[in-house]
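Got some structures for you, see below.
Common to both upcoming complexes is chain A, partnered first by chain B, then by chain C.
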Partner chain A sequence: MSIIGEEPLPPGALEVETLGMTMRFGAFTALDDVSIRVAPGSFHALLGENGAGKSTLVKCIMGFYHATSGELLVGGREARIADPRHAHAMGLGMVYQHFTLVPSLTVAENLVISRKDAPAVIDWGKERAGLDAFMQSMPFRVPLDQTVARLAAGEKQKLEILKQLYLGRRFLILDEPTSVLTPDEADEVLGHVRALCEAGEISVLMITHKFREVTAFADEVSVLRRGKLVGQGKVADLTHAQMAAMMIGAEKDTTPAPRSGTTGAPVLEIDGIRALDRSGLKEIDIRSLTVRAGEIVGIAGISGNGQMELMEVLTGQRPLMAGAIKVEGAPYSATRAEAQRLAVRYLPEEPLRNACAGRMSVIENIAFRSFDRKGDSPRFWTSGKEMRARGTELIAAFKVKVAAPDGPIAALSGGNVQRAVLARELTGAVRLLVISNPCFGLDFSAVAEIRARIMAARNAGTAVLLMSEDLDEVMELSDRIVVMSEGRISYEVTAAQASLAEIGHHMGGHA
Partner chain B sequence: MAVAESLMQGSARSEGLRDTLARRAEAVVIPALALLAGLVVFGLFLLTQGKSPFSFLYYVWQGAYGSAFSWQNTLSRAAPLLMAALCVALPARLGLVVIGGEGAIVLGGVAAGALAGPLAGVTPVIALPLLALAAMIVGGAWIGASGALRFYRGVNETIASLLLSYIAIALMNHLVEGPLRDPASLNKPSTAPLVEGLRVGNLPGMEVHWGLLFGIIGCVVSWVLIERTSWGFGARIAGANVKAAQVQGLPVGRLVIGFTALGGAFAGLAGFFEVTAIHGTANASLAAGYGYTGILIAFLARHNPLAILPVALLLAGFDASSGLVQRRMDLPDAAVVVLQGFVFMAILISETLYGRFDIFHPERRAR
Partner chain C sequence: MAGDLGLWGIPVAIVGGAIRVSTPFLFVSLGEVLTERSGRINLGLEGTLVFGAMAGYGTAVLTGSAWAGVLVAALAGVVFGLVHGIICSLPKVNDIAVGIAMMLLGSGLAFYFGKPFIQPTAPDLPAIALGGWSDLPQVQAALNVNVLFLIGLALALVMAWMFRSTKVGLTLRVVGDSTDAARAMGLRPAVIRTLATAAGGAFAGVGGAYLSLYYPGSWNEAISSGQGLMAVALVIFARWNPVACFWAALLFGGAGALGPALQSVGVTKGYYLFYAAPYVLTLGVLIATSSTTRALSGAPGELSITK
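On to the complex of A and B.
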């Protein structure tokens, strides 16, 4: 798509710069005079809370939005990007938080169909030779014949990045690329990205919430708050506390909420359960696991070691082959009546996908637990008025930022969806709370708030089972930690005696 | 009306009437534009045949709503359409696309026709409800079966219900030409004619049978079920995100089978009225295509049972005027089917337009 008479851009990593970029939606200013320069071959981090304008900025760069004012320079030249296709033609690419691969196709097929010039009839012999050569030239690889659905999350993210390189992109925007990866996977993927930057192949602008990744991999950082650029600098010159301060506007205490109360009687007892895993080839097998009132049991483990299946068993989505689950001594099979009687609540991961109906309103979503109850008795007739009153009250109590309570919940940011789900699940007496990755992809202040609420529930006597791939989260919140590896519990330790090294050892399955 | 008003006020408190109206307008404006687009394309089609689209519209008006007689013709046709549309709209709340209502109408009619003989001596006050119940059970079981196949075996309910409706029609042909055939029905095999007492009459003061009233009641009851009861709310959750419904412990299987069966029961009831009010016997005339027109109505109405009422009136009007259009414009009677086809295509295409216009989404203006 080069314009006739214009010289092509120089090869290698691209320089991208925004000058006074401003984006208004009606009366709302999402982006206010933001100037950021990503030098060729540099790794630039973009920090900010949910709704700070990070997505708006990158959407302006990629041509999804047209900025109200301001300029974009690509390779030092002014660029007017009409649409994402135009951006792609200039060598700008984007890797999203969620995967954009076709799960049922192989890696090779995904790569070939992603090309704009993919031929109508594909000469696989030729393509295969080209792909093999391409993979050989890359510092990291993904098996070409594997079906994407069978790849682990880290492999998929590597493939997303390889796809961008395969398409000849030389400036990459990574939108929270590690939110679905384990720490090891994240380090590996970002390490490769960093190496590509250093080799002068690409420049990178990465949206992230994780300070650790910023410090470990980025050269420079820009911080947005409420649409304004509030800080910028070399990563080497900044501490985590300084970055956090820029993001939230003030230094904030990050120590976990204090623990109080005593551990009580067993609430959840899992006895010798077995169930097929998602591949249908392996089993998860949990001999014994008990969660007592007033304690948080954290399940650590690398993604894909049976945590998802355990969550599905506990929510009644996956049939048991053997064993029993008891709550408060009574057999539990996750029916609505049992969950209501025994006050069992769930916070599944990715709440918009697993715990909400995206096109139903915020108020309706908050009513999912209570629409068929009036106090302690069941009700047949629902009441829109009561639903609205309760929803409005909970939206205020849990500080859900919502423009339109009657609008679809899918319009909310990730942090606010999770707040709405917390409002629904943590209201009233809760005996057992089963949680999976509650803070995936959420910003700093939302994370602190959500963890504080979990801790508060524990202190009030709730038994909490927390599955998380974020080891820091497990360490911070748990009273007791168990490690899941290959569908089994391989290690158990109290928080007081836990050592990161020992847990990491068991997570890796080397026990 | 009071319900609608309190609803408006309730919303007005939190976000203002304008936003509420904007949000609701989407479900009216887009189907209306799709209907218009379908009519325009059909108009072009008429031009290729050398006919005037405007005289077509004029004759449709005349034949459907131009006189008391046309109105009665239209309303009589609307009765089965209302119930056939519910057979699509109710399962749609669970995210299921059921298109086999025709089969449930046919079998409901056969059930009524077959039982009318044995019940001929029973007083109509008891016999008629029994016939209606039988028709609803058969229709409900037929469509409920596609729901059960979907939930327990993962069989696509659209294909299953369509194929089941072919089986239903074949079964009907077998029964009325074989075991249930009245020997007196010579050139059109039928069940024995209903005794006079079991014929359903007309609404007071109209030449329109009672099925219309039951169709209207069915739509209102379905709306209340979906919008005002915990079953309906549960069904909406399951339809919007089945994973979320499972995490909430909702009985998804029972909801799927219950809503498909209820839809089928309404279609079966349509068959009952076709036999007891129109034909007086069960025969191949039961497969008149109401089940398929019902699909179009439900989609045009965005599966909202109250919106089915006006849409069914419109489509019944097209149906009712086809005779007049045919005679005056010298068009084949398939012309109305062509029109329905164009409108349905336009409706399906318009499905992609939802959520694209910010004017209908006040929350986006605030961001």
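On to the complex of A and C.
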């Protein structure tokens, strides 16, 4: 660690400032002359569209990337951070967009081993006492003896934040910390973080796409667009519309897409299916579920209640123990030929893992549905030219931000992977669309655009099965809502009669 | 001949055989557990085992000390492990391919340097007679337990404790389960994996020294019958748990002793089929533990075969 000056940093919340930070990846400038100051004890929000460079900025602060040019000041002194370890030693911590917990370790093990001064021989009796005391002092808790792999996403996110507090960080970066939390959970977690800011314990820089959280918890906000700092100010002085305008450069209408057309014949019929869940210990059991043409059926539920397994059953990744799935009256086992013939398309969650070949190029990934088809007939030789033309066209149409269309899709930002997969799945005639968390981690303009596309597909007669942890999304899009709890459908209601409170009640399994 | 023991000779011979045959399995599999828990697979341990057998034997012949042989075998294992670890730390290198190369290299070098040691005899490793309570010579022979077997048992217990209650152990598990998490903690996965592979190599080297210095107790080119490879299957069977490795090694050892045990009680036909028992067991284990829908429970997340 090289801090100029010998005096130790003052205790309590840290001040962190970037001066003219620039980061280039080859010829591509991801970050362009960005200066942001996070005052000690303040809660600073960082807004920006997908691919605006938010993650890049914070990774430069944490020493994951070495900025091409620019300076970093910590506590008012220049700091050259070689790697994350140096950042940690200075009291800088980060909660990542992706989980960084170790799945096979228990919560207690995760906490203890993440400590820099973890003892060589761990006295579990003593550590447990310390951990229990720490947990008691926190407003929210996570069971210490559970292995992380068995925690629900929301609990993992809470644990990520708890871990940083346990490690005594004084400057905390949160990269979309609430994307996996319910609004109530998010308020709970952020409320506590905010209280720590006010107490002068920590300063926070939070990346988010949710204006509501910015208004409710942040003091100041900075907005990035295409790598440049395009706006900054006190949250109290700004409206949502003004923040949105800064993000996309112009005011844009985000009213829900119109609904039209009539509901037709059943397209997807699920009849008494049972399958084992991931742990192999529990079952999912869906008695009956029908999705009709021109209808969106939304599945609400807290993550980990069998939605993921249902998705895997529908995509053919998980074998059935009993029951049958029919599409347009024909038995459906999710082979590529069947999906092709019946025009069934998918957007699974974590699309980079479940719907992409990470090391193949963006163009190739977009061609997965079409590379072996020439119009309606199969083809033997693929055509690189057609693939490229089609890929380029779709990248433009779906506004996928790519530095290099021939580069691996894994290099795209989270939101852009989502768009690339949607571009592939929503093109051509689609009779059944099965989607899971389609707007996870997307900025508001992308969310509006993708929801509009889903609605347009519905209006054109596609049957849509939508699984989402975002209840607002389910409420906005669905014609009919079912609630999944413990692997079963516990409640069903038409959108017209749905009430948030009632659905929330069933999601919690208290029915 | 088992004579007065009759059919009882079979279990006695199997127990004795299990203890005798299991030691190399135990060491190699403990070494492999160490390596795999850090997120890498080292298939080269078979080569390390053979080289360790040669190096240990050669050293014992030259110095007259079996323990010096064990030490040199362990050091040779460290070198092989380091080479594997360092090569695998380079970008775009596959650990399985490197392992196969190291396996061939280890055996090749052992045969090359081992030629002069095929004739001379080396001192044996000491054994402890735990069968003194019995009058039966068969029981006494079966319970003549080599010191390395006991050391292996102790190592298994120490490793289990290490994975649970020491910083080193938890760090290894972190690195083996999630490279991202390890990086976020400021650990250097490549370095840690290389060190784990080196330590694992030492274990395999000792396993080799046992082969040449105790049982069968001489150096020749056919000294290993694939124990190094079977140990990898054994690790999966044992779910990456060192203590389970001990029991699995005994089981594999017992299976290996089945053929000789039958032969010793006078079965003259078909006993050689039972020589294949360990291999059949390996296949059976691999089939029984595979599933298309469930993640292998206990498998380190970064392992290239389970990813």
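Descriptive notes on the structure:
We adopt the following convention: the second predicted complex is superposed on the first by the 455 of 511 C-alpha atoms of A that agree within 3 Å, B and C clash if a C-alpha of one lies under 4 Å from a C-alpha of the other, contacts with A are read in each partner's own complex, and residues count from 1 in each chain.
Here, a residue touches a chain if its C-beta (ideal position, glycine included) is under 8 Å from a C-beta of that chain, and two chains touch if they have at least 3 such contacts.
These numbers were taken from a predicted model, which means no experiment stands behind them.
Once the two complexes are laid over each other on the shared chain, residue contacts for A:P103 go to chain C alone; chain B is not touched.
Using the contact criterion defined above for the overlaid structures, shared-chain residue A:T239 touches neither chain B nor chain C, since it reaches no partner.
Once the two complexes are laid over each other on the shared chain, residue contacts for A:W381 go to chain B alone; chain C is not touched.
Contact with neither chain B nor chain C is seen for A:S260 once the two complexes are overlaid on the shared chain.
Using the contact criterion defined above for the overlaid structures, shared-chain residue A:R359 touches chain B, although it does not reach chain C.
Legend: residue contacts after superposition of the two complexes on their common chain; A:T494 is shown touching neither chain B nor chain C.
Per the touch definition, chain A reaches chain B in the complex via residues 25-26, 28, 30, 315-317, 334-340, 346, 348, 353-360, 364, 367-369, 371-372, 378-382, 384-385, 388, 392, 402-408, 411. Across the complex, chain C is touched by residues 83-85, 88, 94, 96, 98, 100-105, 109, 112-114, 118-124, 276, 278, 280, 318-319 of chain A. Those residues of chain B lying in contact with chain A across their complex are 6-7, 10-11, 13-15, 19-20, 23, 228-234, 236-237, 240-241, 243-244, 246-251, 361-367. Those residues of chain C whose C-beta lies close enough to touch chain A in the complex are 165-168, 170-171, 173-174, 177-178, 180-181, 183-186, 291-295, 298, 300-301.
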